[in-house]
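Order of writing sets the labels: A, B, C, D and E. Residues in every chain begin at 1.
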Amino acid sequence: MIAQLVIDGLLTGAVIALGAIGITLGLAILRFANFGYAELMTVGGYAALTAVLAYGGTGAPLGPFSFGGFLAVALAVGLVVTALVAVASDVVVFRPLRRRGAGPLVLIFASFGLALVLRHVVLLIFGTQPEYYSREIQMAVLLPGDVRVMPDQLLVLAITVLALVALWWLLNHTRMGLAMRAVAENTPLARACAIDPEMAIRWTWIVSGALGALAGTLFGLTVQLRPEMGANLLLPLFTAAVLGGVGSIPGAVIGGLLVGLAENLSVLVLPTSYKATVPFLIMLACFLLRPKGLFGK
Amino acid sequence: QGAAPSCPIKLGAIIPLTGPQGPIGKPIADTAQLAVEHVNAAGGVKGCPIEMVLRDDTGQPTLGVDAARYLVDVQKVPAIVGVVGSGIATAIVSAVTTSAKVPMVSCCAVTPTLTRLSEEGKTGGYFFRTIPTSRVFAVAHAVAATDRGYKNPVVIYVNNDFGSALLRDLEKAIGTLGGKIAGAIPYNENQPSYRTEVNQALALKGDALILIAFSQDGATLAREWISLGGTQNLVLHNTLRSQDFISAVGARFLTKAAGIDNAQVAGASVDAFNAGFKAKFNRDPVGPGLHTVYDSAVVTALAMQQAATLDGTAIRDALRQVQDPAGEVVVPGVEGIKKSLEAIKAGRKVRYVGATGPFTFDKNGDVTGPALVWKVEDGKLVTDKVIDLEQMTALFKRIGY
Amino acid sequence: MTTPLLEIRDLVAGYHRDLPIVTGASLSVAAAEVVALLGPNGAGKSTLMKAVSGLVLVMGGSIRLDGTELVGMPTHQAIAAGIGYVPQVQNVFVTLTIEENLRAGGFAAPRTVRARIAEAYERFPMLAQKRRNLGGELSGGQRQVLAIARALMTQPRLLLLDEPSAGLSPKAAQEVFAAVRGIAAGGVGVLMVEQNVKAGLAASDRGIVLVQGRPVLDGPAASLAGDPRLPRAFLGEQVFAA
Amino acid sequence: MTRVMLETQNVTVSFGALRAVDGVSLSIPVDAIAALIGPNGAGKTTLFNALAGAIRPDSGTIRFAGTRIDGLKPHRVFELGIARTFQIPRPFAELSVIENLMTVPPRQAGETFWRNWLTPGRVRAEEARLRDKAEEILDFVALRKLALAPARTLSGGQLKLLELGRALMADPRYILLDEPAAGVNAVLLETIVERIRALNARGIGFLVIEHNIDLVTRLCHPIVVMAQGQVVVVGDADTVRADQRVIDAYLGDMP
Amino acid sequence: MMGTLSYLVFFVTVASLFAIATLGLNLQWGFSGQFNAGVVGFMAIGAYTYAALTAPAQHEHVGGLDWPVIAALVAAMAVTALVALAIGLVTIRLRTDYLALATFGIAAAINHLALNLEGITGGGRGIAGIAKPFADLPPLWFGLAFLALAAGALLAVYLLLERLVRSPWGRALRAVREDEVAAAALGKDVDRMRLTAFVIGAAPMGLSGALYAAFIGYVSPYDFLAILTFQIWAMLIVGGSGNNAGAVLGSFVVWALWSLSGIVVVLIVPTKLQVQGGAIQAILIGLLLVAMLIFRPRGLMGERLHSSPLLRDDAAVRH
């Protein structure tokens, strides 16, 4: 039982971790809590769904997975569409706000307004019913130790780790990453280093949109797609990102896995009706020991 | 008849169209609109078409109360229908409709609090609902489970007033019918994943799963349950009686599944509604609240026709008059409504038998009704068994409600 | 005479359209020349430097670098066109490491970054020692050194230094001034704000005194150093350009 | 024997492996204008932070007028009578310049929030007094014209002057100044020197970190020289100027 | 006419109740920079305290204490302040995002408790029959009388808080907000000031919740969903944080946005498309919110430069 709970915690945590990376990117570079990020996940998931519907499915299932090879193409479509939406939202909403010297709280509430718009546009287009890339139910595989896992979820875990490494590399070992971090800290000084802040911010949105699409698609794959999925994920995502330490990419992943574990293991001590409270209790405990999150500086 | 009303006649409706309840609310709103169209096609009330003024409460009581205030004060609606959330219905009754003397006919609020308020005289008799209290559901679940020989089912239920009230009734009902619940796991709505709850439930090792969940969450829960190797002996709540649920989970996993609903099964009144619904939306009317909201709108329209004036108190009293047991039976659909409107105009007594079958408001405005058990055959929802009003009443006695 | 490297004409600049801080300044800096910009606090010296870098509103006048108009050009382009700028405050990235600070400084010339970093480490060994420390962990003077090293990363043609010696120990200041002279000798023009009048003028070819957004004195460094009008200008008294 | 105002014993502060302040023992006499000089990164600011309670030293003790103050919170140290300025200015950016000063005085009646209702007259009178005092100090640091501007709009030098102004506003027994002259124009600096002398004559002690060696030699005694976290020499201007270690590490070939 | 008037009375009453909470938040965020994302938690505590003290005993929860309205309102504020003190002590070391998440979590936990502690809160069924002042009056008079109560409470809270933030205490609080290190070095007890502001700011939130319960006569956990915290925050940000008048104005504007946009949808969307109305309304709210922020990035009324009433804001030097 405990082994199962731990594995489940890690696997459900993986998709939270993946989303939390994107949130953390926003917190670290754009310097505000982007509520619209969760809607980017929704947009990405539905953009990929549109491709899947147009193609008529994802193709014959690959190996142990529930989906076929076309999902990769659909994902690519989702990445592009979402990156475009992300950049557009910056141009229309956030850039004018930056130019007028808006504080982070104003950006947060603008992102909240934008999220309302995006979510309900998706709702108007796709309706309220849940959607799936493949309606096949994937049967869990029994591992030694009487532990059941779903291959799709293992894939999500693997992709989360990859995304973590890729993003960490991007931020710490590329010119663009350096530019993004420089702009985040001190825009005038970045300008004085010949860095174009608009370009750095645009790239942040592109990466953030792409990550969102990836997370949204994988969430849709392992759970379901619905217009409010982003909104429902917002809380665990932020919990993970902040728990890990604002701006720390590995922190976000650890935070995500911890949130998953906490939820799953909480049932050992508390009724499930308090489940949603447990990550917060964990978090409070962590904050009492480390007021800046696990990996915060 | 009193002075000629000014056309069109307004009917207030408050339904969540967005927010967490939006997915349930939208088809309900569609159906309410359908009822109004039927009434209008049948000639309207007192010769006037009805215009439904719909407000979105987004699932927030503050906005629900605001909408009610607006409908009553500014739009001057003589009655309000819809109202899904129990918390919202109670807030509106406490703050708006009772003092304004405007009847509210809820399609979906199941909370016992409203029964108690009514008993204490705090609704002024202005509150009605067309949805049976949770006990009817509890009995249906118990019957469906024990009929299939499930002795100790596991329950996963939504953690709100509705779910916990239902669970209490269910424990009693199943106990009476010779079973015992192996354990009950509450879940909170709109979580990204329910893996924990499902695992908890699996660990209880019951011989069946009774799933009391709203549609999206229900699909997620059922899918996770099945993929983790849970039994396919499912007993599903009426909120899951939809083609979307079947296609989300997959018909081949649902061959052993049963479900329950409060709707009447056969009979002219139900067919008439189903036909009308299909004609409009090109699908079967399956989903929570569709039948009940239709009835709430139609019965209110009939009461308006019956009432001497379009005044809240008159409509309140007329709501019971159009259910006269001695009256002419009238049914949903344009034809049926037309007949009843004419009968009322002619001064004859009518008994509206609705999309949910025959129902009568008791002294608290509540209804008890028949129920049905459904199952999935070849990917289609079919009715398996009916628990009619007499059987239901007998079961209520036996269980001791 | 050849056109100067930097030529500013009738510059009006500030933070708000209705409140100019630089109020009609004209001055020039030639290649290989070190010019000290002096003046009381709040005279507009830093604002003038920011105007050259495109960081504040320019309401009038022109700024030419080697004949190219800079007014209206976004900062990052102006910098890439050959300017190295050390701001007076907040002049290092406190959340980046020393090495990353230098890499950011070399953003416009990625190919030569390695060589430049090596050069910077050689010139300022302290930086090499602390290469993995964050900018925010440096002492005040150490930050100043880093800021200067950062500005040199692209081998600019024009160097704008806003109080380079502030916070530096006498020895470090001498080293920086010597370095500035050396860089200028290689053909770079330097415009340098200094409050340390004596040391500043000693390291410069020419001095300009700015009062209330306008140059009031402009002359060879050596003669300005002894000019009795200099302290009076600092007190805001009316003095006239020679 | 002169009485000791500020005394440290073996104070050590480390950042990871780096010992920024390494076993510093000092005793500064009452009424002195003492200087703390040394090469960049010597640990001067870090020592200030330890004195002012911003950093808790890893080991060692600090006494002010006989009271132990190491480990005290910064506001407690301030209450005991030590005010400090920051090398890198830390203004209250969205407050006006004058309110940056008016915030400073301790034990304002209006800071106990119920006094604002119980004795409003007293609060008002005190406010008027604070404003006048702040205006006088702003005159002195040449910021009077900018009294009503938000502090974030000040120039680099003006920010340093604001730091100084806030310290003067506190009426402390002791003032720690971290490079008060950096970025401040030479003419104004003269009046600041005068003011420091005048305050000192009224019994206020100073410890000044400064790289302007002229200023230090004219104003300060004793002069403490730090390098690499340790105290190298303590003495008067001549001793210090003549010390070869100081010349090598700090002064260079000064003219 | 009477109907519209009656609705307006209702609208202003509800907006005033929100404005009270927004003023409390303004003290916490606008003046002391504490990111309280758990506003509903404090409102819920106020509401439930009021309900528990006034509602009749019911079989699923305790009650029947029958406190007078005013005493119950005061008690609601006091209990909220006490809870805030406990929460403040626990979260004293947390800043910005961390504090936000912690308070958000605490509010979620409070909601869970309300839902699950049936013996005290009635669980999901809520508490009905809460004492409603003026309930014996005819509806319109009830509305007017309650409006007077709500507006009076708002005015009192506004005046009290305004006096506070325009005092040296308020100035020191803003200094702490701007730079804690500098404020501490200049003798301000940062922890204590933050904690005091947190507690004083929470009390109006409790009052707001209690008045809301008194107005509706019923509370349930569904009254205090996280979305309400967002709305209160939107009121503050749109109105202009750091300005009490702005906070009040923002409350009216944002509540109008949320409730009146529904009316606009009723009026402009054809009957046939009414069921799309909800989505259209949400899009409308989103667009207006964004537009308002772009148009006024510092809120409808910006922060005042000076705390001291002795100083006048001088437009010429203010940038």
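Note that in this section a contact is a pair of C-beta atoms (placed from the backbone, for glycine too) under 8 Å apart; a residue touches a chain by one contact, two chains touch by 3 or more.
Source: prediction; values computed, not measured.
With centres defined by CA atoms alone, the chain at the far end from chain C is B. Seen from the C-alpha centroid of chain A, the farthest chain centroid is that of D. The mean-CA centres of chain A and chain C are about 44 angstrom from one another, to the nearest whole unit. The distance from the centre of chain C to the centre of chain D, with each centre set as the mean of the Cα atoms, comes to 29 Å. Chain B and chain D have CA centres that are 74 Å apart. Note: centroid distance chain A to chain B, computed from Cα atoms, is 37 Å. Residues of chain E in contact with at least two other chains: 115-116, 279, 282, 319.
Contacts with at least two other chains are made by residues 15 of chain C.
Within chain B, residues 18, 22, 26, 159 each touch two or more of the remaining chains.
Listing the residues of chain D that touch chain E in their complex gives 52-54, 73-75, 78-79, 83-84, 86, 90-96, 98-100, 102-104, 106, 108-113, 116-117, 123-124, 126-128, 131, 146, 148-150, 153, 166, 170. Every residue of chain A that touches chain C in the complex is listed here, in rising order: 175, 178-179, 181-182, 184-186, 188-197, 297. Listed in rising order, the residues of chain E touching chain D in the complex are 163-164, 167-169, 171-172, 174-175, 178-179, 181-190, 196, 200, 303, 305-314, 317-319. Only residues 27, 33, 93, 96-97, 100-103, 105-106, 109-110, 112-117, 119-121, 123-124, 235, 238-239, 242-243, 246, 271, 273-274, 276-277, 279-281, 283-284, 287-288, 291-293, 296 of chain A touch chain E when the two sit together in their complex. Residues of chain D that touch chain C in their complex: 15, 37-42, 44-46, 87-89, 142, 146, 153-159, 161, 179, 182-188, 211-213, 249-254.
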